[in-house]
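Before I ask anything, here is the structure I am working with.
Residue numbering begins at 1 within each chain, and the chains themselves are lettered A, B, C and D in the order written.
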Amino acid sequence: MPQDEYSLKHKLYVIIFRTDTPFGRWFDIGLILSILGSLLVLIMGSMESINEKYASSLQVLEILFTVLFTIEYLLRLYCSPKPWAYAKSFYGFVDLIAILPFYLALLIPNAHFLGVVRLLRIMRIFRILKLVQYIQDSNIIMRSLWNSRRKIFVFFSMVAILVTIFGALLYVIEGPDNGFTSIPTSIYWAIVTITTVGYGDISPVTTLGRAIASLTMLLGYSILAVPTGIITAEMSQEVKQQKKTYQNHRLLVMCPNCMKNDHEPDAFHCKHCGSELPSHEERVVKVNDTPSDYD
Amino acid sequence: MPQDEYSLKHKLYVIIFRTDTPFGRWFDIGLILSILGSLLVLIMGSMESINEKYASSLQVLEILFTVLFTIEYLLRLYCSPKPWAYAKSFYGFVDLIAILPFYLALLIPNAHFLGVVRLLRIMRIFRILKLVQYIQDSNIIMRSLWNSRRKIFVFFSMVAILVTIFGALLYVIEGPDNGFTSIPTSIYWAIVTITTVGYGDISPVTTLGRAIASLTMLLGYSILAVPTGIITAEMSQEVKQQKKTYQNHRLLVMCPNCMKNDHEPDAFHCKHCGSELPSHEERVVKVNDTPSDYD
Amino acid sequence: MPQDEYSLKHKLYVIIFRTDTPFGRWFDIGLILSILGSLLVLIMGSMESINEKYASSLQVLEILFTVLFTIEYLLRLYCSPKPWAYAKSFYGFVDLIAILPFYLALLIPNAHFLGVVRLLRIMRIFRILKLVQYIQDSNIIMRSLWNSRRKIFVFFSMVAILVTIFGALLYVIEGPDNGFTSIPTSIYWAIVTITTVGYGDISPVTTLGRAIASLTMLLGYSILAVPTGIITAEMSQEVKQQKKTYQNHRLLVMCPNCMKNDHEPDAFHCKHCGSELPSHEERVVKVNDTPSDYD
Amino acid sequence: MPQDEYSLKHKLYVIIFRTDTPFGRWFDIGLILSILGSLLVLIMGSMESINEKYASSLQVLEILFTVLFTIEYLLRLYCSPKPWAYAKSFYGFVDLIAILPFYLALLIPNAHFLGVVRLLRIMRIFRILKLVQYIQDSNIIMRSLWNSRRKIFVFFSMVAILVTIFGALLYVIEGPDNGFTSIPTSIYWAIVTITTVGYGDISPVTTLGRAIASLTMLLGYSILAVPTGIITAEMSQEVKQQKKTYQNHRLLVMCPNCMKNDHEPDAFHCKHCGSELPSHEERVVKVNDTPSDYD
């Protein structure tokens, strides 16, 4: 049952959740600018040389942005036709954790810097700019990762077992005197080594330790190929499938409330939360063909 | 010839090796908790700040867990219908080396920390949770690695020759004064470099040494692609084959004694060790279809 | 309308832009030698031990080369039938920025060392040597990168969000005392870590910091596979397509003015800037078949 | 024209170059043991603690091994039916450079350690053990690398240009005070960074330098995928082709003189150097089928 078209609640909904009215567009652009602004304030606040001079103004701005985002979140909850579906959706969750760090900072010092998670909200930018191709490509990447989640889990279980065993081995061989102060520290070393990061803050000194470390590296070297194999296989399948379903624009119809985008072309309501979907006129977005030439 | 269904030995077998009775399930869950507990004891024992305070209690717990696992191993040997097949199987071997480090510590100090290898026993968890999809995916990874074993061996022979030659080259160029104290140390440096780990504990200083080191890195960079190519090729083939043999559930019938899982659907006894396989009612596990959508 | 064949302007055009006359060839060879020479002068000028002795001669040579390249650029502009198309093309742009650093050095000290960008001009070497196979292979690489530009952009957006969040997290956990002096510095650490470079100039010290850092590494480890998957998928498609269009030599006809090389076999003028294309006799280049055997 | 079967020269040829007589086998086994022994002598000689005690005996052994290998090389030249073809072949070249470093050490101190290149001679082991599958797999890897040589060359040209430009950029930004002492040093830094080795012996300190360095890393990160894509594409094609030509055993007929192995099944003489190929009885080697199961 559609809401009263002329109620304040519905007007707010159209402005905040949808992008097909001038007000809605301006709201989204203002939101993104606020997010970028608040990020800049956070980052500048963390730089001592800047913070020394402008500490008080930065703090005022930070409070201002947090109040703004808190009001926005409450408004979203108020005017959403399905508040719970919104709150549970990915963007609803991100909108919440974007304001929490500020209140957390009352308990833990510096915790407000975690407010950088509001960067995740910027992903809505794809919606505003109607960057359909980008959404599709991002869907391919996400779906590839999702489809290979079990293989990646199995792979990481293997890695976890390997780093624990090699970590303990080097703890026994090298010992606390050479920097391997405990098994957790040695596991940290093993992860740094097997992922080929190699800080060098902890590194083996004894000949036996170096031999085992070399083995760890060569092992890391060859298992590096496993996730690549997994994801490459998935991705080439996804690319093939994309080519097939390119015509029917299924991915382009996005629910403004929970932002899921897998609706049938003839759907009027979101199959996930039941909100109204954009009208047909609005939802048809011209898909730019991939140019076959690059200059 | 099936054993006497009512003998103590058979009752123990059902509890310890199988998972289709309430007792068997509880035994497995208790086992996993014990393994995790003993791991925690080992890890806490390696952290000085904790070990200082609770050294004696941790030692008592360690002894307790080892006694427990020793008894369990002896019981498994006792009640297994094919003790030798069990002892030779992968899990039989792991069960043994999970208790050995404790006794080894009587000779070599700290060797009991190697008890973390009992983490490998946790892989049984897949059996208990009947995570069929996970077992299949883990099989794909293992089989890909196995099928490409010769290519990987050839590849590592090449790497071994390269690191020896480049190591000797930098030993001659840089010499002991710049950290390249011997050929084995220089080979260790070459492995650290070619795997792109790059600790920086040893690094070239002379111009010629840096030029050769750059060459080593660029070489490592391009041969990094070789194992990826090998495993990716294998894995995509495995994935294709999995899709074909998806229906016949061959992989799902696992021998409780030696845990091999490649039995025909109509098999009653393990083709590897001859133990009875689970009944048909038990072995049929619903395979969850891979969801085509990710949200 | 073709230019007067006998005018000075046209003669210069044939020498500078084209490669099918002896003079044109000599000009190109001289140009490449000049570029390599000026690079050598720059590099030697940056080495203190050499610069101490030969500072003045190196400076004179540097001025000489810059004057030479400036004159050459102006001549190119003068004699090009479509000066603006040349100036806008990739090589026109490179020709310009190859001389700018010298004049920039009047404002910023040492800026003339940026003159190494003239190395990009050397890419013309492929044109002179008619290394058709190399041009095709380079086209495949460039096209693969170009076709996957959107996926790579999405991927880097993800990486950007990840490094910002993990950077802020470690800034809060480790703090300025452990080297994480500000959020930008922490983001730099996160990039160093997630790309598995791992300098070790900044590395976590606290247990919680190391745990989060381990997570960052493992994450970097698995997303390392994403661009590989993207580009591998594109490249295998490109290779397939190359095999199909191998016969019609489309890629071999290169415009001497703007150096674009995607012309139809029957074209007489560049479809991008309208310059005359090389005559049919000249443009037909024998394509060496890829040898199927390697020794 | 076959040689006199009973001449000393031919007898030597059969022993040294061929593997189908008991003497030939023993010769090859003795050779490999000598190579490993001389390697051990070299490596032990480089370790100070060992060299201190046994310097003289190690030196005597080193001289002994070199004399042995020199005699062997001369004998090979003498008894080979086509000495020049042998000398020009890969193994002929390796046999030569395996003895040169010793004589070079008379001019350059420590140069005899380069004698580790004789490790390359060990690759003959595949021939002796008739590890046909290994030779085939090694052929696949080599052929993939060979077929993608042009793409790899183009790729490395790109990398060379990138590291020069980024190196110069950081030289200008950071300057000699922060470790970037010259352009060659900065190029070394750029290679260390773009290959994700990351020693940390040189790392940027200024904010701008770190920003540019981050860009370099992310660039390195994505171009890391290019050689992977190239080689993966080639390798999957090679694997497909191998499956097709599996039956006709072409790869198994190896010339004892120049060790090339691409002869037709009906060939009697090496098509490269004209030496007699092994008899049909000897050359047929049973190819072990790849097991489809891995436990």
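Just a few scattered comments:
Assume a residue touches a chain if its C-beta (ideal position, glycine included) is under 8 Å from a C-beta of that chain, and two chains touch if they have at least 3 such contacts.
Just so you know, these numbers come straight off a predicted model, no measurement behind them.
The angle needed to superpose subunit C on subunit D by their Cα atoms is 90 degrees, rounded to the nearest 5. Relative to the C-alpha centre of subunit C, the farthest chain centre belongs to B. Averaged Cα coordinates give subunit B a centre that lies 32 Å from the centre of subunit D.
One simple way to say how far apart two chains are is to compare their mean CA positions; for subunit A and subunit D this gives 45 Å. Each of the following residues of subunit A touches two or more other chains: 155, 184, 196-200, 224, 228, 230, 232, 236.
The part of subunit D that touches subunit B in the complex is made up of residues 42-43, 46-48, 108, 110-111, 113-117, 119-120, 122-123, 133-134, 137-138, 140-141, 144-145, 152, 155-156, 159, 184-185, 187-188, 191-192, 195-201, 224, 227-228, 230-232, 234-236, 239, 290, 293-295.
Per the touch definition, subunit A reaches subunit D in the complex via residues 196-200, 228, 232.
If you check the complex, the residues on subunit D that touch subunit C are 142-143, 146-147, 150-151, 153-155, 157-158, 161, 164-165, 167-169, 171-172, 175-176, 181-184, 193, 196-200, 203, 207, 210-211, 213-214, 217-218, 220-222, 224-226, 228-230, 232-233, 236, 260, 262, 272.
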